[in-house]
């Protein structure tokens, strides 16, 4: 499926989501409460069949934290970026997609560790890299006077 | 909603016959500081839980304070065995964002370096996993041959491991006048050495017994767990970025994506061995046809990416390496994420090592070709 | 024959005579025991160190390296320096070990080679114990070593050590069988268990050639099983470095570790010596048919030299195995023993017995 | 019966693969002159590094104790680790104009990752990568080096 067709299909299927052509790939921003259903849909829909979660990461913005999913379909070889914003930064929560793509379980642990997003229904959410005395370093307001030297 | 806990708790009760063994953080077969919390019954593995982060270096955070050429040199330090692929990924991402077309010569040089780096990485993997399986002599043969590639690297770019050869817009130096000669000499030499690798281990009955049928990863699981690279391809998951999303000079050349079917340790081994032959074929196609021209385009002194998000995938020696850059138009990126192949690959261990023995766990880890800084970043 | 002049019997006899004429018989025995004990002690220490050096050089040559080169000319003093280092190291006893057993284990392990070495004839007349059940004594005593390994694994209170010890136990107990069986095959051919007599019987030709096919099979089995019994690669599961870090001796340091280390190498020597005695004619020189000139030249090489040449040949073979093959898994090791070596061995005993009955050997 | 022959064939093919492996190692054992080990401190005199080898940052001076560094600070900006510090001073030249020239080009070897970005950034080729690689030292303070020699001047004709 080409990018245009993909955008068309996604727009018609999800009228309230924001679908646009990004710099390389189609991007869709999904509301956080509809994320899990949407993800399940794009994996099971045979014309989309996004079965390979390439990358999952988070970006800290001033008012929310965005989780970005890079998805590819091994059958159709099309690529898409899904974004979901948390409601706020302080109690950032999002539904897990670990039940849809098992690899997400580990990426979500990493996101929780570094950005502090808690994933609902996650089977085993733990910090991978840092211990509990740390904050969440990839947040923009993270300051560490001991370990970080700023020029 | 599941009960959430800040601290990690061993969720399953340890049964009467079971005991916990920490394999790592300091252990000969983890190739770095990886800790596998293993639940054993006798020698049988019941559960493996990887604990990572012992050499987390915070590269993603550091990049937020650095300019784009400076980020490139940090990527050397993640997967140090595919340093050039990592460099290239960042450079391609920056070039794509700036819509810069690099000269053909750069594309050829980068691709040759990619394949040399892949060869060097697979050689080290070969010898290190031979060592894991107890064949200590293999370790020295692999390092001996890898030395030739490192010499080629050193001749052209002055460094052996942390190359920092690609820069946004091209490569740092032009290739050394001897480069083509020494690469060809190496290929001729290594074509004679590689059959010895097979004689020493691949065909060996002990080795085959150790790896055949051990740690089978099905194709479905490979896709679901995002297992890429030779490890994923051994399971039949066609995931070669060079083939599906060609970059640099890969569109110009003919090569096969080496695939396996069984997904066991032996197949992972075989796919990597085949990839070494294929890498030599790729280099031979390119080495005589490097076009004349500049080795870099002139970039601005301060590289500023346009606002937006950019994702670039390359095939590193271990699998799909991705760079995701969020730019807010300044000279530093807003956020950089490195999608490292080792991270996704590592966590399948629990899935496939269950029910095998400790010795098999070592064999599985060996054929997964883990590089810990790649996982920890 | 010419090599009879290298016989050590006159020397030992004259020492005995000198002693018995001057002191009481009891004191004579005590002095002789002491001399023999000190000689064996020296031999084991020096030969163990030399074997470590040889192993390092051989392994280096296989790996296209040079090996130790810094201490002394060609690194000859390297192992001595290592040994001094091990002697001076602190003996660490971890907190939660079973102290008695933990300290006992290295001694049990080191006692075994001392016992076994006593029946080995190095040269004509150079043998301290000449039982009529020599072969039986060797097989019986050498299986004591496994107790030391098991104790070390158990008493260390370390999971890696325990796994290593248990693996070693399973492995050595199984391979004892093959070692014994292949020796029995040759005992059938020789008709005696007395070591000196077995050597003497090979004056006309080594058993490996005399017994041809069954002897060759027995020899192969013995070398494989012997390698396994000394816990050497590819059967080094007990200390499988990449799996169990150091296996059963993980928690040992200093001289206690050196005991394990030394015992491994002396056991290697004993396996090689047994193979030499039973299959390759001990200190007997190599004779070829009726080439009188060739045989005479061979006779001029002393028996001691012959013995050590053969021993080093076998040791080199075993080192060659270690530095070529990957390690087996524990179940594969047991499979190899119970499914391959043991049936072959049983069949081989039958073959040998038939052959001896029908007189098909030379 | 067939399985019996398979059993025998299995043994022989297995032993054959083992022997091929042993042949490979034996080949190297009996050709010791092909050894690859280099005796490092002994071969120091004959050891030649590749001309592009990145050992450390150095500032070449000519016979008149002159260098090419203008003290522009581009290398300082290009360095990802902060291993270069430029301390400049103002002087009054012959024409009576105030001018900033370099006082000290400080290079922290201990922080350097030898990435070559400073050499690339330098507009006047004042710094290059040196060949020395034996950097180990007892004292960490000796890793902080001043690259311009004492009393050195900037070469004639180097543009600011």
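Observations, loosely collected:
Read from first to last, the chains carry the letters A, B, C and D; within each, the first residue is number 1.
Following the convention adopted for this analysis, a contact is a pair of C-beta atoms (placed from the backbone, for glycine too) under 8 Å apart; a residue touches a chain by one contact, two chains touch by 3 or more.
Since the model is a prediction, treat every value here as computed from it, not as a measurement.
Of all chains, the one whose Cα centroid sits at the greatest distance from that of chain C is A.
Looking at A-B alongside B-D, one finds more C-beta pairs in contact between the chains of A-B.
Here the CA centre of chain A is 41 Å from the CA centre of chain D. Averaged C-alpha coordinates give centres for chain B and chain D that are 25 Å from one another.
Separating the CA-averaged centres of chain A and chain C is a span of 64 Å. The multi-chain contact residues of chain B, meaning those touching 2 or more other chains, are 137, 144, 200-201, 204, 206. Of all residues in chain A, those touching 2 or more other chains are 151, listed in ascending order. Residue numbers of chain D whose C-beta contacts span two or more other chains: 18, 21, 24-25, 36.
With chains as nodes and touching pairs as edges, the resulting graph is of another kind, matching none of line, ring, star or complete.
Pairs of chains in mutual contact: A-B, B-C, B-D, C-D.
In the complex of the two chains, the chain B residues touching chain C come out as 19, 21, 27-29, 40, 43, 130-137, 139-141, 144, 200-201, 204, 206-207, 209-210, 357-360, 362. Of all residues in chain B, only 66, 69-70, 73-74, 137, 144, 147, 151, 154-159, 162, 164, 167, 172-173, 176, 196, 199-201, 203-206, 301 touch chain D in the complex they form.
Touching chain B in their complex are the following residues of chain C: 59, 62-65, 159-160, 163, 167, 233-234, 236-237, 240-245, 323-332. Considering their complex, residues 22-25, 27, 51-55, 57, 59-60, 68, 70, 74, 77, 81, 101-103, 105-107, 110, 114, 118, 120-130, 132, 137-138, 150-151 of chain A touch chain B. Residues of chain D touching chain B in their complex: 13-14, 17-18, 20-21, 23-25, 36, 50, 52-54, 74, 78, 80, 113-117, 120, 129.
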